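Chain nomenclature is as follows: A, B, C, D, E and F, assigned in order of appearance, with residue numbering initiated at 1 for each chain independently.
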Amino acid sequence: MAEDRFARGWKTVQQINGSGAQAIQDALKDVAPDFARFLVEFAFGDLYSRPGLSLRDREIATIAALTAKGDVLPQLKAHVEGGLNVGLSKDEIVEIIMQMAIYSGVPAVLNALEIAREVFAARESSVNSP
Amino acid sequence: MAEDRFARGWKTVQQINGSGAQAIQDALKDVAPDFARFLVEFAFGDLYSRPGLSLRDREIATIAALTAKGDVLPQLKAHVEGGLNVGLSKDEIVEIIMQMAIYSGVPAVLNALEIAREVFAARESSVNSP
Amino acid sequence: MAEDRFARGWKTVQQINGSGAQAIQDALKDVAPDFARFLVEFAFGDLYSRPGLSLRDREIATIAALTAKGDVLPQLKAHVEGGLNVGLSKDEIVEIIMQMAIYSGVPAVLNALEIAREVFAARESSVNSP
Amino acid sequence: MAEDRFARGWKTVQQINGSGAQAIQDALKDVAPDFARFLVEFAFGDLYSRPGLSLRDREIATIAALTAKGDVLPQLKAHVEGGLNVGLSKDEIVEIIMQMAIYSGVPAVLNALEIAREVFAARESSVNSP
Amino acid sequence: MAEDRFARGWKTVQQINGSGAQAIQDALKDVAPDFARFLVEFAFGDLYSRPGLSLRDREIATIAALTAKGDVLPQLKAHVEGGLNVGLSKDEIVEIIMQMAIYSGVPAVLNALEIAREVFAARESSVNSP
Amino acid sequence: MAEDRFARGWKTVQQINGSGAQAIQDALKDVAPDFARFLVEFAFGDLYSRPGLSLRDREIATIAALTAKGDVLPQLKAHVEGGLNVGLSKDEIVEIIMQMAIYSGVPAVLNALEIAREVFAARESSVNSP
């Protein structure tokens, strides 16, 4: 059962941001290996894997929330990448972030747009490299 | 121009939650009438009315952000109503709120689910009343 | 396995605040029954039940965090009750809350002390009633 | 010395909102009497009493911060009253609150304007009562 | 009209922090040019330009709010500079930040004072350079 | 009296994190020397020095709160060090941080665990250096 939750979560997180998920597993493996497991089981096995909402819709929610919170920029970066991976366009991601000005103010939006700009630029340059 | 922004915003906000918008206009009309106007012009005229994202997608973002923020429950209520109005199902709204446990913790989700429960119950009872 | 996680979590949460936990299960049973289950499994089965920290120490952490967050007073109330149930004294709970003035400022402390005062008064009156 | 800090703080807080300060002292006197004293000594004796900034300027700062934080409405109410007492006009207080839309978003402003409206209405009615 | 709002906002923001405003316009010009425009129109054209409060008073409010929020240090830096530009002294800015210990706790103040120290040092060194 | 508060606070803070406290005093000595003094007097002289709670218990509260707040990582680092100094084990600190996933979500925990990992690694390497 528990293995099922991990396996299901790991499969889902690969669709969103596999390298980001692996980096978190690596970072946690000495300091808190159980939390690394809980994260995949609970966040991705229990929640993201549920059939009631598409991964695209789930990433709209996550990008909005992380922008609004404002103090979790590394995680926002991982989900801007995730959003692109599950079908959001760059323009849609910018729309989501801009809308947060209404709910969290301008500074949170400026900091989030800078993250988006960096992710978009990195994609651009990896596409253009030989 | 400014009139256009207000008109455009007012039209958009009617699709989301017209009675909620009217209630805010009424509440602000003595204390801060200019802010009542800015709100329609900026939030709904400048941002929500943009063509790059559907109102359904915009409400996913807003419900997620207001749940994650945690301290703006009256506005969350207005947007749970708005989400239903622009095509989100009750189940989808519950999925969005539950997912926020990952980003803002359990208490924020419990408080938001209580709001959703109240909105759903009010709809139910208004549908069932003769 | 999943049943084990729920059973373990339910047993742990009974030691902290059984009636509070039951009230949450009841409140969620129509709107989000799966979240009611996740909450027991993850928060209390996976985390609170771990042997590395006593329930008394865990409640110090929770009362501190909920005071510092400031916008989750219903959950703070449940954990002031929980803290008393697992061995914290009233004076210790007041010390924890007061200390948060350093990290979250005075208003958060004032609002939390009012919650503590209400919980202490309710205990007093239930002890004194015939 | 400590007595001086309390005396100085108490004198300052009388200029801002004497009845509000007394209400807090009363509320804390059983649950946390030492915190009641610290609050006057530190917040008002050490900080508000400093000569480097007028009480009017200090209340601009406090009303702005409490609006931006969003989850401390009882304290915001006390300082809207305080701001009026130390020379801010109703219009200036509304300007300060509206400006926070830029930094904390619209919901925080709406909730703060409702507090301001209530305080202004209470003043109005007490002025007009025989 | 819209042009008027931008022009009015741009003129106001020049008085506060012209180079900071230009840097934001440059940073946004590829990723979200419309938001760059909204920011000037709404924040500075609609709000900061209003006659009801001096720019000095407005910067007291903004420095207080950004200190209290705690997670928007780049924007705080821009407004410490802005505060000096519109007539606040270094000592007054330090007073505003210190007072926030009451409302947001000590860590937020320490992080804000470090920002202020850096801005003051940069001014000092630019004044002293030949 | 005031001298007593400082002396008492300074003695207490030496038990928690003497070098961290000295670094803060040094950082503040030009920009806000009075705040440097208030910090020792109020936070450590008035609050941490109180006999009603052990320093180990106080550090549980502080590590929990700073993890939950999420935007004060330099202060969290100082108190992970402080927690180790007053008797918390590395495993206990990790337990406290992990538990905060329930109250503040996963990103806050990930960022806090990275801080803990750095502190633990620095201790390890200073123990192992000749």
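The criterion applied here is as follows: contacts are C-beta pairs under 8 Å (C-beta built on N, C-alpha and C of every residue); 3 or more make two chains touch, one makes a residue touch a chain.
Values in this document were obtained by computation on a predicted structure and should not be read as measured data.
Of the chain pairs listed in A-B, B-F or C-D, the one whose interface repeats that of A-F (more than half of its contact pairs identical by residue number) is C-D. Set side by side, the interfaces B-E and B-D show unequal numbers of C-beta pairs in contact, with more at B-D.
Matching CA atoms, the turn from chain D to chain F amounts to 180°, rounded to the nearest 5. Of all residue numbers used at the contact between chain C and chain D, under half are used by both chains, marking a mostly different-residue interface. Centre-to-centre spacing of chain B and chain C amounts to 31 Å, using the average Cα coordinate of each chain.
Spacing of chain A relative to chain D, judged by their CA centroids, is 40 angstrom. Looking at chain E, residues 34, 38, 42-43, 47, 50, 66, 69-72, 75, 94, 98, 100-104, 106-107 sit in touch with two or more other chains. Looking at the complex, you find that chain E touches chain B at residues 1-2, 5, 34, 38, 42, 46-47, 50.
Interface residues of chain B, counted against chain D in their complex, comprise 24, 27-28, 30-32, 34-35, 38-39, 43, 66, 69-72, 74-75. Within the complex formed with chain E, the chain C residues making contact are 100-107.
On chain E, the positions that touch chain D within their shared complex are 42-43, 47-48, 50, 52-53, 57-58, 60-69, 72, 75, 91-92, 94-96, 98-104. Remark: chain B residues 70-71, 94, 97-98, 101, 106-111, 113-114, 116-117, 120 touch chain C in the complex.
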